[in-house]
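In the two assemblies presented below, chain A is common to both, partnered first by chain B and then by chain C.
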Partner chain A sequence: MALNVSTESSGDVVKITLDGELDASVSGVFREAVEKAAVQKPKRLVMFMDKLAFMASAGLRILIFAKQKMGADVQIYVVGAQGPVLKTLQMSGFDRAVYLKDAYTD
Partner chain B sequence: MDTRIDFYPTHEHCGYKLRPGKPYPFGASLVPGGVNFSIFSRDATSCTLVLFEKHAAEPMVEIPFPKAFRIGNVYCMMVFGLDCENIEYGYRMDGPRDPGAGHRFDSTKILLDPYAKAIGGRDTWGAKPDWNDKFQYRGRLVFEDFDWEDDRALETPIEDLVIYEAHVRSFTRHPSSRVKFPGTFAALVEKIPYLKKLGVNCVELMPIYEFDEFENSRTNPGSGETMYNYWGYSTVAFFAPKSGYAATGKFGMQVDELKNLVKHLHRNGIEVILDVVFNHTAEGNERGPVISFRGIDNKTYYMLTPDGYYFNFSGCGNTLNCNNPIVRSMVLDCLRYWASEYHIDGFRFDLAAILGRDPWGAPLPNPPLLETLAFDPVLGKCKLIAEAWDAGGLNLLGSFPAYGRWAEWNGKFRDDARRFLRGDTGMVGRLAQRIQGSPDLYEKSGRGPTDSINFVTCHDGFSLYDLFVYNDKHNEANGENNNDGSNDNFSWNCGWEGDSDDPEVNRLRRRLVKNAALLLMVSRGVPMFLMGDEVGRTQKGNNNAYCHDNELNWMDWSLVEKNAELLRFFRNMIAFRRAHPVFRSRTYFRNRDMVGSGIADISWHGTQKWNADWSDGARVIAFMLCGRHAKEGAVRDNTVYVALNGHWDGLLFSLPAAPEGESWHIFANTGLDSPDDICEPGGEKQLVNQGEYFIGPRSAVVLVAR
Partner chain C sequence: MKKLVLPGKLESLSGIRRCAEEAASAAGLDSGRTYDLCLAIDEIATNIIVHGYEETMRSGDIGIRAEVTEGELRLILEDTSPPFDPRTLAPPKEYLDKPLEDRPIGGLGVYLALQSVDGFEYRQKGTTNCSVFTMKLGK
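== the complex of A and B ==
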């Protein structure tokens, strides 16, 4: 499975776009992106998931990691999650821990 | 990766890098770069770690523990470079095969780690297992990185609790529940607003440890439906939450999903008590499957007869040997784990009398397990509640070794309340004890009213509605010729067995349900009721619905609308209890004036004020709680008068005077039709006649003075 992760930052906001399928075998790439984002001490982390087709528990673990690594004051947005990805977020209850948005505007 | 030398591999097997492990903690623990596996067996001669890729039929590797990796009776080994999210593990143990001497080692079996924190193999509820799989219940590794934020156990004073006993699947499985993921921990989160509005501040979850719903499953010859081990009183793994209760079970995320439930319940002020079953395991007797304990150290984990058979004090085939020091440690480790990792607020111990038996079955005067749990530092703020009897005839109700910590399910409250409510004579004196928190049972041993968990119904037996719809149990659907389930229900069908079209019969039934709710909420002790009782849930007269994954167990949410009248009554009664500290105390009434108010903390009345009728033929009791005695005089509350008329006739009650300058206001009268049966606390209307009040047949009244 393939996963492309691209990161863009401006001011206090870091945006990470995920494209492909996020399972345990590729989760390290995502984790690295989150760790790099954390170094910049942003006020907001926005993760675009509209092109993400699937997320395994390994992916959720990194979201949990992101939340703890960044601290409680950092707003975490999950944008465009749909289908199985959205379902996974809802089932695990993670949808209540982040801002879940259909779309994001600066 | 951590490069510390103490996490550096020293050995290798088939390409897997190893190092001698740490004996503690038992189980599989993540360490830098690897996993520490540790397991106890006293009599095994060898042990092999068996690793699978998730769902694989055959192991990816079997790693025998080198001799140097055994310390005492503990096999421990670190394995490095494992993909922790994608492996499943078990053990093979070799040793004597001598059942007469208690040994049942069998190295052909792959065994589940008793300390496994998550289990694969029963990922989705009701999905037919592959019985040819050589490893049915597969240990999985668990990350302990859940984001608790600032959550912790609520530590609500026990006297303030109102406990709601619920079954995770039953609560939201019915199509009427309209939740996204029916029957799961996630679905329960969606129903928290309902619980909050109801006013309960504690849910007691029927077993959520991993169990196998297919244990002894069979087909109902009548309906063709599968009958399951549905309630789950048969544990496979004590440290693992039931995967099939998690919407995310198929992703192996049941741990996180349950933690998320606990966190959200806590956020809403609701505690979580787990119903834990340490009296037996799912391995049954000598004809049962080899899952874990039997193959690891049969003689340690089970109570055995002198010729190596299984004692059956649980009624379920075997008995866990809880006062063996190894087993005792396991139980303690387990509860500490749930208290610390899952923030669980308390535990209710199924058939807890067994935990007070010695390894040969004799009751112990000072059972080490019960004492250890009572004094454990990690469990120091957890509620400990015993079902104080077992299936071997040991009933410790009132004499359960409490060590100042243990409360009990008060079976006498249940029986006496039921008998009074249905109109039996000879109950008034006994009911007076129950109303006071059962001092007759607990006071002489220095215990208090909060040691009494008061209930009229629980999962065992009739639902509250059925209590007044059926004289007899109707367990035909269980396929045991109606022989199972208790025969002592103290129920009354109000003149017609089963559902009735007669509006008067139904009116009476609703009234009796309300009387029960009222009695429960005005009694000292800790009230508990069963999921759905507040909306008149029926089990169609089945008083032992342990095997049904259908409407006999499921909460029908359409009843919320249909029986809104009952729900409103429950809500307001709960709110009244929670608004009035005079009901909630850790100490007994003294039946005299302790604060100079001029009246006793509790005074007893009948149809004549100040003159209770304690005779055998009486069916009426009334009592007044002096508001100035609330919390032993520490807070000022309203004075409350409660009258219970168990007679089939309406009766005129003369009322004791309200405190000077105050007058009686009516909060509840179950003899009146809704909405006049009850009001919101604080919205009580003044009684026109302050001297007398007519209380209808089989009705109960609450007045409040102000």
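== the complex of A and C ==
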């Protein structure tokens, strides 16, 4: 299963939706989306992970990259992460470093 | 399960996970523990491919095979990259409490791998590295 990444932006919010399996072989696509988002200097980066079936640490590294690229003040939201993907985020302390939400409304 | 041999390339990761899934399913692991095993295998295989093969300009394969013995499923990854015991890389607990902007990029994969399985061993057999992942059955 490949990874599909789609990006949508409005105002100072950028939304990235991940669909598929995120491992080191495809994480470059996610990284590129974050790099493009960073150019817009958003105040909030919202990542929808409800369709993410697998996430390795390669995905976590992109979250760290996003924060370091966009600055400590950018708010990072992770929305809809479920089951083992959510467990991975929690095991690695990301539940204390990003806003983990079940759903997101503007 | 027969031994599967794939090129030591990142493109092989999904095939390695599918192989681990099949072995876990045949051994009766539930979906959560199957995912955990796949995550652990994926992380260690990624380290082998990136640090063992790509960064040392070597090419080689990764073999994967399964054994079921005495209430345990054991998956064995074999490679011929330079010897390295991934257990020496696990980050300290304090790392996980740092804000993202202060974390080094990397170092999480081995931690996740070791946390996700019931047992992990590394050993050398001649020029072959063996990474052995153990999951207890009926847990």
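Here is the rule we use: the second predicted complex is superposed on the first by the 105 of 106 C-alpha atoms of A that agree within 3 Å, B and C clash if a C-alpha of one lies under 4 Å from a C-alpha of the other, contacts with A are read in each partner's own complex, and residues count from 1 in each chain.
Going forward, a residue touches a chain if its C-beta (ideal position, glycine included) is under 8 Å from a C-beta of that chain, and two chains touch if they have at least 3 such contacts.
A quick note: this is a predicted structure, and the numbers were derived from the prediction, not measured.
J.: Does chain B (first) or chain C (second) touch A:Ile64, or do both, or does neither?
T.: In the superposition, A:Ile64 contacts both chain B and chain C.
J.: Using the superposition on chain A described above, determine whether A:Lys101 touches chain B (first), chain C (second), both, or neither.
T.: Neither: A:Lys101 stays clear of chain B and chain C.
J.: Name the contact category of A:Thr88: first (chain B only), second (chain C only), both, or neither.
T.: Touch status of A:Thr88: both partners.
J.: Looking at the overlay, what does A:Arg44 touch: chain B (first), chain C (second), both, or neither?
T.: neither
J.: By residue count, which of the two partners contacts chain A more extensively, chain B or chain C?
T.: Between chain B and chain C, the winner on chain A residue contacts is C.
J.: For A:Glu21, select first, second, both or neither according to whether it touches chain B, chain C, the two together, or no partner.
T.: The second partner, chain C, only.
J.: Indicate the residue numbers of chain A shared between its chain B interface and its chain C interface, in ascending order.
T.: Residues 24, 56-58, 60-61, 64-65, 67-68, 72, 88, 91-94, 96-97, which sit in both footprints.
J.: Can you check the complex and tell me which residues of chain A touch chain B?
T.: Counting only chain A, the residues touching chain B are 24, 56-58, 60-61, 64-65, 67-68, 72, 88, 90-94, 96-97.
J.: Which chain C residues qualify as touching chain A in the complex?
T.: The touching residues are 10-11, 13-14, 17, 32, 35-36, 38-39, 42-43, 46, 49-50, 95-101, 103, 105-106, 108-109, 111-112, 115.
J.: Write out the stretch or stretches of chain B touching chain A in their complex.
T.: Those residues of chain B that touch chain A are 83, 85-86, 143, 145-147, 149, 180-181, 184, 186, 189, 246-248, 251-253, 256-257, 260-261, 263-264.
J.: Which residues of chain A touch chain C once you look at their complex with the stated criterion?
T.: It comes out as residues 1, 21, 23-25, 54, 56-58, 60-61, 63-65, 67-68, 71-72, 76, 83-84, 88, 91-94, 96-98.
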